[in-house]
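Two complexes come next, and they have one chain in common, chain A, joined by chain B in the first and chain C in the second.
Entry: the complex of A and B
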């Protein structure tokens, strides 16, 4: 049933001058659909990893210990200021080779291209998350923290029960912003042959020269995905809304 | 909703202008080239012997460059060379950024549906693999289930997957593909035979690498590509290419560029002299 719908769609598109022929060829369709799956996997895993990295970096950057906050600021600066694609090439084509040489051969290396893209995106967007969370942490009113100290809250309970919850609510729109960027950033996997949807599309259009058709599909896919993320962000904002903090 | 009168007038004016310029573009490409005095030719600068940039004077040189300049000269114009890459060459041609493609593009039925080509070929090339010297790959069949690096847009991706069951990984260009090979991300990198021969021989960086298989994959003639419907230009270029085969110009320039074609150009030269081309 699906194949007959696809065949009709392809025929209709052909009459409009668009070549979607790869959708009825099972191998290429499989490659392209697998690309969507890989994009979703990469986005999901990178989202979680980047939040963890961002939280760690933000806490380090706002720490009273000068060596810790200095190191965190340096790392955030380095990753934010350089292009992600360049970082990926450095990591995969240079760092990976050095690791291979150090451990005596590529067959012992557990890091696949997918893993490298995940690491690079997680750290890069983690730096952006760190700045958003830092803004949130610094937005917690000083009187609130003084009241907490007066009531006998130690540093860790203050962090977990007061600072982080309020920081998260303030930073949420910015975090959603970064997540949308993250999903679009997964496209850099196409430069190192990770099979996400951009790579799958490039491999198809370089055989059939149907760039426009694939661009339409990619744009529709990413728009849809990012719209969902935006909606989810808003839902969470409403759910977490606190009186006096925008609600 | 009806448009207010002013916007409607502007809209029709724009449409009229657009249609008028369309009419002007119906002039054939050959006429336009000769009127302008220069032809935009897309070439690939992926490396010697086909095309590369001389570091001393920053000018492109190579077999494809020589051919492009000679074709332009025989058309009575100058060549304006535009660098193209496999992912964008067809789009550049279709959008008019270039009028002619001399980009190592082999003939295929699918391409022939959307583009026109000059029937006489100027080169024949197939894919050759680069592997480490200590690799066990000796035949094409040994690549089954192994990761093989190619460049995105390579014509060897399909035969490698379909004929030999290799796992193809496409990198943005030959340079990235070879780097990935060096980093151990694939067992072999398959590119145009003439290009990899240049990389592997006389290069101390690639001393640990070799071409283990003597035959080439998907060997097929490279032809000059044009936009669909450019009949006048196609006939003009075909006559010129045949002439270049007959006079031995192509054989001579291939030799100068150190391009080895396994006798393909010599065969065509002999055929042209015998009047069979």
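Entry: the complex of A and C
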């Protein structure tokens, strides 16, 4: 059923001068679909890891301890102002080989290229999350915090139960935006041979010279994913919306 | 004495700002230094890095050339798309909207690869054939999303001008186009400066993707150098040096952008007489 639909689609596209032939070759289709799966895995895991990194960096950057906030701000500044690809090279070609040297050979190294892409993207987007969350933390009105103190909340409960939940709501639109950038960023995995969808597409178009056709599919895929994230973000915004507070 | 004590309270703000910026730069240096920790054991890496520095810096100039050209083209294209989205001709409006939607969603790297594979290596202009080198293809690939982004920035800015200004302009006898040219756009451009600079920074960082399309940019040069020297200590030094190059170029732009943003939000926004 699916194969017949695909065959019809490929024939139709061919009559329009587009070569989607790889969709009916089971091996190439498999490679390409696996690429989509890897992209989804990488996006999902990096999204979770970037939120954790962002939260940690935001809390560190707003910490009253000077050295901690200084270090966090420096890391955020460094990450935001350097290309992710260069960060990936620094991680994969420099840190990774240092680790290899330290533990005696690449065969003992548990960190795969996939893991490195995940780490680099999580920290890069985490720095952007941290900036959004920091703005949110600083936007919580002082009277709210004073009221919390008057009700007997200590510094930590105030942060966790009052300041952070409010900051999260203020930061949500820009967090969603960062997530969309995160999904787009997963394509740099192809630079170190992580078989995500861009890498799989290059494999196919260097065989068949059908760049335009694959670009249409890639653009459709990423547009779809980004729209989904955008919708989800808006839904969470309305779901978390606090009457009378900002939104 | 009295004047001194009067002057003192003014100091902390710029001092703190200076401290923060120097802390950031110091952190950039420190991060590089941490990675250079391996070098003291093998001190030849630093002279080697200095030896390769002219080659690397010349390659970085190509990054800057690509970024300036891409943002220049992208700004012109973005202005055209933004105007097309405001025109009362629906097919144009729809096309411009689709252009923005598609290219804002596209991953930069996919565009760079696609451009380097799909665009021809020379362009025939009448009888003459102009070469179309790889770096120009990458420039086009970066200019497309830049123009989509700029169209979006301009749309936001135009919408942020209160309708009352359009009405006031027409009351003064301005046509729509005249009002756009003399009243709305001048105010928009001031507001779009910070996001525009942000975009420039993003595109500059995006130029490092050119190395994957075979362009001899800084990252490609660093890879070449590390393969030519073929020493672990040099490899460990050269990639952080690339990182530092980009940081030293993009960080001042980031700081200037933030200062401009603060400056613009401090000013009274809509002065309607």
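Observations on the model:
Here is the rule we go by: the second predicted complex is superposed on the first by the 245 of 247 C-alpha atoms of A that agree within 3 Å, B and C clash if a C-alpha of one lies under 4 Å from a C-alpha of the other, contacts with A are read in each partner's own complex, and residues count from 1 in each chain.
Throughout what follows, a residue touches a chain if its C-beta (ideal position, glycine included) is under 8 Å from a C-beta of that chain, and two chains touch if they have at least 3 such contacts.
All of these numbers come straight from a predicted model, not from anything done at the bench.
Contacts of A:161 after superposition: neither chain B nor chain C is touched. By the touch criterion defined above, A:147 lies against neither chain B nor chain C after alignment on the C-alpha atoms of chain A. Look at A:188: by the touch rule set out above, it reaches chain C but stays clear of chain B. Legend: residue contacts after superposition of the two complexes on their common chain; A:97 is shown touching both chain B and chain C.
In the superposition on chain A, A:219 makes contact with chain C only, not with chain B.
Set against each other, chain B and chain C differ in how many residues of chain A they touch, and the higher count belongs to C. Residue contacts after overlaying the shared chain place A:11 against neither chain B nor chain C.
Applying the stated contact rule after C-alpha superposition, one finds that A:106 touches chain B and leaves chain C untouched. Contact with both chain B and chain C is seen for A:202 once the two complexes are overlaid on the shared chain. Once the two complexes are overlaid on chain A, the chain A residues touched by chain B in the first and by chain C in the second are 89, 93, 97, 191, 202, 205-206, 209, 211. Within the complex formed with chain A, the chain B residues making contact are 86-87, 90-91, 110-111, 114, 149, 152-154, 157-158, 168-172, 176, 179-180, 182-185.
Against chain C, the residues of chain A that register as touching in their complex are 70-71, 73-75, 77-78, 80-87, 89-90, 93-95, 97-98, 101, 180, 184-188, 190-191, 198, 201-202, 205-206, 209, 211-212, 214-215, 218-219, 222-223, 226.
Chain C contributes residues 20, 23-24, 26-28, 30-31, 35, 38, 101-102, 105-110, 113-114, 117-118, 201, 205-209, 211-212, 219, 222-223, 226, 232, 235-236, 239-240, 242-243, 246-247, 250-251, 254 to its touches with chain A in the complex. Chain contact summary for the complex, chain A toward chain B: residues 89, 92-93, 96-97, 100, 105-107, 109, 113, 191-193, 199, 202-203, 205-209, 211.
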